[in-house]
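For reference, the structure I am asking about is given below.
Chain naming follows the written order as A, B, C, D, E and F, and within any one chain the residues start at number 1.
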Amino acid sequence: MKKIEEPLIVDGKRIDGRKPEEIREIEMRVGVIKNADGSALVRFGNTMVVAAVYGPKPLLPKHLQDPEKAILRCRYGMAPFSVPERARPGPDRRSIEISKVLRLALEPAIFLEEYPRAVIEVYAEVLQADGSTRVTSINAASLALADAGVPMRDLVVGLSGGKVDGTLILDLNGKEDNNCEADIPMGFMPRGEKITLLQMDGDLTPEEVKKIIRMVIDAGKKVYEEQKKALHAKYEKEEVV
Amino acid sequence: MMEDYVLELIRDGRRVDGRKLDELRPVKVETGIIKRAEGSAKVSLGDTVVLVGVKLDIGEPFPDTPNQGILITNAEFSPIASPDFESGPPGEDAIELARVVDRGIREGKIIDFEKLCIKEGEKVWMVFIDIHVLNHKGNLVDASALAAMAALLDAKFPKYDPEKDELDRETLEGKLPINHKVVTVTLAKLNGKMLVDPIVDEEKVAEATLTIGVKEDGKVSSMQKSGGRGWFSYDEVSKAIDLAISKSKELLKHLE
Amino acid sequence: MKKIEEPLIVDGKRIDGRKPEEIREIEMRVGVIKNADGSALVRFGNTMVVAAVYGPKPLLPKHLQDPEKAILRCRYGMAPFSVPERARPGPDRRSIEISKVLRLALEPAIFLEEYPRAVIEVYAEVLQADGSTRVTSINAASLALADAGVPMRDLVVGLSGGKVDGTLILDLNGKEDNNCEADIPMGFMPRGEKITLLQMDGDLTPEEVKKIIRMVIDAGKKVYEEQKKALHAKYEKEEVV
Amino acid sequence: MMEDYVLELIRDGRRVDGRKLDELRPVKVETGIIKRAEGSAKVSLGDTVVLVGVKLDIGEPFPDTPNQGILITNAEFSPIASPDFESGPPGEDAIELARVVDRGIREGKIIDFEKLCIKEGEKVWMVFIDIHVLNHKGNLVDASALAAMAALLDAKFPKYDPEKDELDRETLEGKLPINHKVVTVTLAKLNGKMLVDPIVDEEKVAEATLTIGVKEDGKVSSMQKSGGRGWFSYDEVSKAIDLAISKSKELLKHLE
Amino acid sequence: MKKIEEPLIVDGKRIDGRKPEEIREIEMRVGVIKNADGSALVRFGNTMVVAAVYGPKPLLPKHLQDPEKAILRCRYGMAPFSVPERARPGPDRRSIEISKVLRLALEPAIFLEEYPRAVIEVYAEVLQADGSTRVTSINAASLALADAGVPMRDLVVGLSGGKVDGTLILDLNGKEDNNCEADIPMGFMPRGEKITLLQMDGDLTPEEVKKIIRMVIDAGKKVYEEQKKALHAKYEKEEVV
Amino acid sequence: MMEDYVLELIRDGRRVDGRKLDELRPVKVETGIIKRAEGSAKVSLGDTVVLVGVKLDIGEPFPDTPNQGILITNAEFSPIASPDFESGPPGEDAIELARVVDRGIREGKIIDFEKLCIKEGEKVWMVFIDIHVLNHKGNLVDASALAAMAALLDAKFPKYDPEKDELDRETLEGKLPINHKVVTVTLAKLNGKMLVDPIVDEEKVAEATLTIGVKEDGKVSSMQKSGGRGWFSYDEVSKAIDLAISKSKELLKHLE
């Protein structure tokens, strides 16, 4: 729902100068939290998320264990200073929902059955929010899982698509997110194009929905390459948040 | 076990309750049944029963939308409705359901929020949608979204006296300004097949579910992948959207 | 405490046209919640309550079990839309107290000793509130217990008495409840006239208190007949909320 | 076991502490003991000790009673007072106790709430009654109600400066407007016999208890059946009321 | 930080007439809560605290037990009526911190290793607050532990020092506490001068800090004598809150 | 075991990471790294990493300090930072840390609170300091205090339009009014010896720790004994203060 009057697309350029299908500058680093079994920092423009993985490790108390596979726990949170108006610390309804969809986005990629009775904990913290925080969290969490050596079918790539001022775009920033006609955050495993997160809100024709999904999958391959590059870089250099 | 039986039938395109894959359970919509609410509806999808009450009140607008009313949607999975529900604050599933219903209404511009403004920046109408599950036999989200839409269509304003700044809740006048109608259609993927309106036994073994909000005009206003530990291909999503649009017409008929 | 100025009794009639000792229209149906082991919907005029019973079933965790009898758990709640001003969801102090007195009202009727280590859960939800919600909840809960096949000494009947504008009345509606001189919600087993719930607030002489209690017990027998009728009807026809 | 012994004695009309069935424990009331509170009282009923503080503040009235003050009653079962009490928010017993004490005062019109109005619809006095249990040996409700009444009678207004809209809590002036006095008398039914002022050992085996609020003028302002898993007959209630009215006179003497 | 303009020291006297190093009137009584295993009431002027000890007793659930020593639990709280503006019941951040420093102040004094798998619970409730409530709580808790027969290396003495209007003082009252240049609450075992609680906030030279600590230790010996007197008095007379 | 090894080394004046007893780990301070915050800093003390964001907003002053701004300090021990941290509201250690950092700033008069007053009794600036631990390897308090001080020095006001009563968070102007700088130095006592900047393995076996807040001018603004089950002698405290003042100079250099 558009709340401001100024145009979001002028002469085919977005407010931050990008073309409609252009993704913001991406930064990805793994191994940034020394205490964690795996960790990653991912930045898309001014959106920055750090994720850490603890586990697989035995789940306690025992009565919560699943004898056939590991339990995946995800927690998405925002630092109070990550948004213009300071956010109250602690989970709200939005972050509880996002924690759930994040878990559902990652579970299909993990060989959970290899760790019966275990738990894998994934924490994603938004340090700076400028739109697309949940898909940035997917990228960070996916890298942190790989960094922790958790066996996975594939990495999960996160990327958002949407529509602003009648134009289909990729990787919404905060102002676009708040004023778009539609927003489609997605997560998927590039190998086989398996969609594990799919949400949408707005007002689109079925054709537009399909077109945006296709755009996200195609462009997501570039994000996938960045993920793989970050994992390789780990073996060359160690750097910490 | 029931799980195995469900999956075995699906392989042959059959379901435990005898329905076809793309067949909804019987739908029943009753409105105006809660006298204390400004709007209300009870919806049955087979044995799933959901009650929705709409309450109206007057409050301050949010600073970034000073000329728009406020929508607050809440869902309670009351322990009355299932042995699997527990007392306590809403869990992640109830929160997700409320937020999916809310987004479908909010982002699909179902309510004309600007007509809910009484005095810009100071006083607007607040619309509370409270979803109360009475019996859970699967697909709570479609039942809840349908009941929410029916209750919004049923809702009337209590009389507002601007001088005394008081509401007279015993005098109702004028309907809520509704732009469109919206419903959701939920599909589940089992053994690689897509079916609509899953019951609990099907939800338990689904690889994933996809809820699609469709408006009267055939446009999509929301989507939510949920349930299960699986994925969808592009083609599956694409077909799901087409199927949802077709089934939405059946649900929309119950709002006439 | 009377907060309004208009009279509540005019020419011997109450604001809804009833005579002082007249009970509102009663609707009682059992088996309305398919998932529950027992359930009932009870309506007194515009006050409507639905109750469900789950159990008797083993109580977990085990250390909470009573080796000699079942534990009865009651929860009374109000739907947010059941009252003129939307109520915040979740228990408040009032509903916590009512949940307790409801439990104490039902316990004497149940042969709890027949189910050692078990729990019986009773949930009463007010869908529409127009006074006397706790006694309506007793009627619904009592029917739901019977519907669940829980062995009982007798049904528990709920009915309120009180005093408005100097007149002793039965079955207070919301406006009377808010403006009465006294309110006495009661629960009792008709066989042997055993009182299991008794509360009162207001300002009454001892004689008035006793007279109202007697009125409630006598009139409660009509409510008892309705309860029995509802239980019989179940075998004739199945209907669901 | 203590339970059996209590019940055995009761059969002969005797009690473990040697009292008669209708005999109260020694009562002691001290007021003005908390200097920071506008009113306070410590009450002992035998070894049960309860401290009540009354605080006054200024707030907005409720919309439906714009010309009346506000009463808020709270009880803490501090873990200091019994090995059975735990830290944490008030449980159902503490909430019930606070609500019974509150109703007796509110519905018995003990305080003249209209005199607590400073400016209709805008400013009224708020009266906070905080009940703090110091030692729990049974019958907390009668001790609490007596201490609350004594603390209300002890309470004085802090000086209010309407121009600065400030309270000067070091200058107290004028007593709270109290219409009547009220006390509660709690009876317990054991082995079919009724006794007053039960101790913990008696409460544990009681079939039921009945708390009756009685005003100075002998009128009843509140009743609450609680405790135990039993019932009362009409005759038992009737006699309980008469006994409560008679015992209330003993308690009321301590408020003179 | 001084918030008021009136002087807090006039002609060498404090607002309550005391000399800078003078301690307020002290009242100490043990055995005041009959149900508790040990208890004490301590009053310094208008600050009054009651403390109770339950235990040592087995800690449940078992998995929280320490097989080598008792666990000490402390809870500091303020009655809603203990302060000028009624305080909301329940713990706030301040009382959670004070509960912790109270525990750390008492632990060094207790032979916890004599009670493996046990818990000792210490509750301190401020009934009237006029400054120095945490150190008054230490005195009350220490006496309650002794009254409970818990074996201790020494009693722990609580006393505060500070600086107002440029003068170093002892035993701050509420007004001094709110307007001082510095406040140093301390707890220590007099035998060997072992400091177990030490906090400070304000603005002091290192020399001033050291001087105040010395003053508190020296003057604390008088408080120690009062504690011992109160414990002796117990055997002469029993009195209850 | 690590515990025994740590204690054994200390007996000889040595530490597991090879440092001298009075040696800090390498310190790194980066500011301005969170664009959404009005001020921010990331501080590393060896492998301990803490991020602090400062946010500014406008609110009402407290009644007893009508012409002063408001400081609110919060610390989250995010489970991201250590296997020992759990999700949920701040525990006693996080609360203590936030309060110690807060007191050092507040009572050391680090911020000129009177300059944060916009309109006496009505509008003042609120300063939120949010401490977010990224990696916990010991001595969180010194890292947090240093990061908080660096973030305060980094902070700028968002532009305030008094007519519209609005903040323009995209235009920053003017620094926060800072009077002094303050840092904390934490010492731990192990086997009777005092060492600075303890790591987790040392904290676990410390008899006690002492945190001392020191200002640029060498004055002490806060102290907090914490950690362990032991005590300090007067002489130990006295030497600790002198050592803290000397080490504070090293930390303060990183704020230039």
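Basically, contacts are C-beta pairs under 8 Å (C-beta built on N, C-alpha and C of every residue); 3 or more make two chains touch, one makes a residue touch a chain.
Given the structure is predicted, the values throughout are model-derived calculations rather than measurements.
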item: Path length in the contact graph (chain C to chain F, fewest steps); value: 3
item: Label of the chain whose CA centroid is most distant from the centroid of chain D; value: A
item: Reference chain B; chain at largest CA-centroid distance; value: E
item: Geometric centre distance via CA averages, chain F-chain E, whole Å; value: 27
item: CA centroid of chain B to CA centroid of chain F, Å; value: 48
item: Length of the line joining the C-alpha centres of chain A and chain F, rounded to whole Å; value: 32
item: Interface hub residues of chain A, defined as touching at least two other chains; value: none
item: Cyclic chain order when read starting with chain A and heading to chain F; value: A, F, E, D, C, B
item: In the complex with chain C, residue positions of chain B that touch it; value: 34-37, 40, 42, 44, 47, 49, 51, 53-55, 57, 74, 76, 78-83, 87, 89-90, 128, 130, 132, 134-137, 169
item: Contact footprint of chain D on chain C as seen in their complex; value: 1, 3, 93-94, 96-97, 99-101, 104, 107-108, 112, 182, 184, 188-189, 192-206, 209-210, 213-214, 217
item: Chain A residues within the chain F interface of the complex; value: 33-36, 39, 46, 50-52, 54, 75, 77, 79-86, 89-90, 121, 123, 125, 127-130, 240-241
item: Touching residues on chain D, where the partner in the complex is chain C; value: 64-65, 92-93, 95-96, 98-99, 103-104, 106-109, 208, 210, 215, 218-234, 237-238, 241-242, 245
